[in-house]
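Scrolling down, you'll hit the structures one after another.
There are two complexes below, and they share chain A, which is joined by chain B in the first and by chain C in the second.
This part shows the complex of A and B:
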């Protein structure tokens, strides 16, 4: 196990390094900072005033000097001060983390609690109308864009029926539409993978043996088949945890949910690069770290992985 | 499900929550120990969407949140709209875009070199915490912006640059002298966004801490609570010198997605929303209890014609060709096809109330356009349908951004096809915004023969500076001797009648010389609930002091 961890850690560091390079490169790819930040002010400022601004902001130094400073600070979690908010970019991200985690956790819970049983039912009732309806639902869930689902749910439950609040955060009701929307895609994915994995396991010899022993169908499915059929689903869920943190970007924007993803989107619009960089690094790091932990957990469960 | 799989799932969930929490906590320790959004949750009982609006507060949905508590840091429009309810300035821009007294009662030039302005202050004004509003507060506020810029804080560079202040001194308790580096006739207009702050509150506060300090102004509303990215809540200040405003409570919520803002308004969760897209105007307006309200905004959208000392296609050098482009453009047709009939053709780049009322937009007259082009020697080649002169085709490159201004890209397509109808060949290139502004730098050095661009305004005669030879916004290379002569005089002229004469003549020159195709002043589209009696302003400022509840 220790060996396995030692093998994984350098990968983790390498990925995180790559993320800082990319997020720093973003700033240089997006054009002249003076034009970007000053906007209309650049039209009325003299060349001297603009040069002085560059100097005050540190933009007149060579890019590698700026990168070394950036990377050094980034390691300490210091991405500089937000231009729009005048505060530490990292603190803005951290403040919004709870809202994002809350949304992603509930969505994950929905996608697991609903998706897995759906997959099991579809596999067990294979080639029946129940299977057909379930898989059609799953196909729709995976193929419809989430912002569209979100707006449709909003119009139906918010505007037509007026059962649920449309946007913002505050009460438990505020959580329902965004988390359901976010869960939709993953729920469908879980159901599909669960179904095919279950079908595969149900065809194996040991299941035939269990049935031959005269075990009830229920016992065969839940006690014998499910245990093995769940392994690929668990891997998938591990990946989904990370993806969901990033997937909240669109959902948070649509539902005006005060989380990290929406802050990053707004900051891109406002050219507030310290916040964009902090957000990208935090989201990417969460993804990488969560995935590493999931892999380690997985190795703990399944000896075949840690010895391979 | 067996016990171990359940446990694994639970462990995974827990791990996720812990990891995310831990990686946040480790990097930024103890800046704000409580996680505000989560702990405040039970205390927040308001559910704007739950019940139809029949009472206060007035809920306003803008695209983005307030930047921070300091009105000088971060300058998104959403933020200014919130701040201007708490803070006031020496002068104010009224609903007709005219400058009016606010904290100052009168002002004027007091030195021969025309560089020093005297402002007399109201003597009956106090800040919301009881501090006196006096000359010291004014001096403090102006000098603070200067210090911020020097310190590399991203403060209001725009106002700072136009004001170009040398010094400001308190002459007595209610008189200040403001000196600019060179004579500056627009000082009274520009100071309308120099918010007056209390030195007692802010003198010893760092610029970063000021972003989180509860704002204390002299304005009609007090800020009650700000939950970032959720809402800003305000209450009318009962002791305001002119009496508390009619709207007693305001809730500003940032809702980035247009469809969501519209849904909130329809469901009764909002009273006022911004930026309704033109194609949704009918849908929103037909909903019961909701009404669309539009205003011709200050943003000028033009299609610059590169010529003069910034040479492009030789045809653009000829005034007749540039005029022909204006005659060929069917503005009314474009408003009908793209903008649901909203919009007025423009013949100038100067906003009301300063603009010359006698200036007529170019009429749509393709025959006249053809005539002018023939006269200029660009004759139609019947085989290709494209005009030529000395073997050179009348073929122009046209750059447009996409999604920056209302319908920008589609507008460019309409203009291109109007021009093609009279014998131009247009190569329309849609350019991503960050590249586009790179092309716009250095007086539009990167632009092709034509470019669609918008420009904001300060609602002063400075609108005309757009085409001054040295101006950064003159991206077409327009340089006209008479224009420069008059403009030089205007920028040193302090007599308002003479200013007007000069400005109106400058507008006539610009119309005649046609350095651009005039399109429109972008219409701003809002939608409001029926209970809110409010009219939009041309400067995009939302003021609840101008509203009442029905």
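This part shows the complex of A and C:
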């Protein structure tokens, strides 16, 4: 296991390094820093003044020198000051993090708790109307853009029925629509993969043996088949944890949920690049770290992975 | 077997789901190509006096605007019809860009191995570290919105799965005897890669392409929804939805129909994709 961790860690460091390169590259591509940072002030300044400002800010140095400085600061969580809020970009992101984590975790819970049983039922009732309806539902869930699901839920539960608030954060009720919306795609994915994996396992010899012993159908499915059928689903869920962090960007915008994703999107509109960079680095790093932890957990559970 | 025989054999195996998907997709393609002939309104024609008319079966609806009008008085059905162009164009081109890039990188990486492989696959790891949509948002934020940028970003953001899968295929193919035989007969790298290895990699690539086309349509709509897609003058389903979100309680139909259009198109692609996967590569059944 130690060996496996030692092999995985350099990979993690390398990827995190890549994340800082990309986010630095974004800043570089975004145009003249003087124009961006000074905004309208640049227009009333003389060319000499702007040149002097560049000199003072260090924008005249070669890009790799600037990168080293940027990466050094980034490691310490310093992405500079937000143009819009006049505060540390990182502190703005950190403040919004709990809202995003809350949204993503509830969505994950919903997608697992609803998706897996749906898949099991569909597999067990294979080729019945129950299977058909469940799989149609799952296929539709994978075919609808999440933000549209969100808008339709808002329309129905918020505008028509007036049961739930349609935007903002505060009470448990505020959490229901955004997390259900975010969960939808993953729920559908879990149900489909659970079904096909269950069907595959149910066709194996050891299941036939279990049935031949005269075990009740329930026991065969839940005690013998389920554990093995869950393996691909668990792999999938591991991948989903990270993907959900990205998915929050859109859902948070739809529901005006005050999380990291929405902050990044509004900062893009305002050309507030320090906040965009901090947000991108934080989201991408959490994604990488979560995925690494998931991988390590598998290796712990399944020795075959460690030795491959 | 000639291509014709193969196609007719495939057609016989079409499931009803795949047939449905195919028919709907062909219909969408037809609508996209003949948008101008099929509609009577101009998608960009603004008539403020006519704004937010509900669909024609409502009591306030008017017969000229079957699905009603938007906040600027533009005909929704016309904009939906023209919006299919953006979705189809972006899905096809971006999938092509992602596929070509991924296949080429995968071929090089798998064939040459060694440090080239290491570098390319670490690049893939780094890129895969960014959630797809977040990467697209970040890059578009910098490059600015626009059709070409959108296609490039979605294309470049999507190459990793192709690269990885082709690399894996190439690695196992290059050890096989027919490849060794070709090399032994004096075929150069280029010929071995393109004549002998590539034709054996198409299966998973096509399967991947069908699902990534579906994903691209949703991504395009999402980016247009955030205002990072095509310019507002070009009708696109995602932008129509964003507009509709503003008037949710006043004009709920604005946000309803574009979403339906997206869902039906993506659903058809997925139905067809499921069938292609089952035919070409049943092993992938347990991946998503």
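FYI, the second predicted complex is superposed on the first by the 279 of 308 C-alpha atoms of A that agree within 3 Å, B and C clash if a C-alpha of one lies under 4 Å from a C-alpha of the other, contacts with A are read in each partner's own complex, and residues count from 1 in each chain.
Convention: a contact is a pair of C-beta atoms (placed from the backbone, for glycine too) under 8 Å apart; a residue touches a chain by one contact, two chains touch by 3 or more.
Note that the structure is predicted; figures quoted are calculated from it, not measured.
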Based on the superposition on chain A, does the combination of chain B and chain C result in a clash or a fit? clash
Would you sort A:154 into first (chain B), second (chain C), both or neither based on which partner it touches? both
Check whether A:207 is in contact with chain B, with chain C, with both or with neither, and answer first, second, both or neither. neither
Given the superposition on chain A, which partner contacts more residues in chain A: chain B or chain C? B
Pick one for A:246: touches chain B only (first), chain C only (second), both, or neither. second
Looking at A:254, would you say it contacts chain B, chain C, both, or neither? Reply first, second, both or neither. both
Of the partners chain B and chain C, which touch A:176 in the superposed model: first, second, both, neither? neither
Taking the superposition as given, does A:236 touch the first partner, chain B, the second, chain C, both, or neither? second
Where does A:135 make contact in the superposed view: on chain B (first), on chain C (second), on both, or on neither? neither
If you stack the two complexes on chain A, which partner ends up touching A:265: first (chain B), second (chain C), both, or neither? both
Pick out the stretch of chain C that clashes with chain B after the overlay, from 5-13, 41-49 or 185-193. 41-49
Intersection of the chain A residues that touch chain B with those that touch chain C: 30, 147, 151, 154-155, 159, 166, 245, 253-254, 265, 269
Using the touch definition up top, name the residues of chain B that touch chain A in the complex. 1-2, 5, 8-9, 11-13, 15-17, 19-21, 23-28, 31-32, 35-38, 41, 44, 46-50, 64-65, 67-68, 70, 73-74, 76, 149-154, 157-158, 161-162, 207-208, 210-212, 227-231, 253-257, 259-260, 263-264, 266-269, 434-435, 437-438, 440-441, 455-456, 465, 471-473
In the complex with chain C, residue positions of chain A that touch it: 11, 14-16, 18-19, 21-23, 26, 29-30, 139-140, 142-148, 151-152, 154-155, 159, 166, 189, 192-193, 196-197, 200, 232, 236, 242-243, 245-247, 249-250, 253-254, 264-265, 268-269, 276, 280, 283-284, 287-288, 291
Which of the residues in chain A end up touching chain B in this complex? 30-32, 35-46, 49, 53, 56-58, 76-77, 81, 83-88, 90-99, 101-102, 104-105, 108-109, 112, 147, 151, 154-155, 158-159, 162, 164-171, 173-174, 222-223, 226-227, 230, 234, 237-238, 241, 245, 253-256, 258-259, 262-263, 265-266, 269-270, 282, 285-286, 289-290, 293-294, 297, 301
Would you pull the chain C residues touching chain A in the complex into a rising list? 122-123, 125-127, 129-135, 137-139, 141-143, 214, 218, 221-222, 225-228, 238, 241, 244-245, 248-249, 252, 255-256, 258-259, 262-263, 266-267, 270-271, 285-286, 288
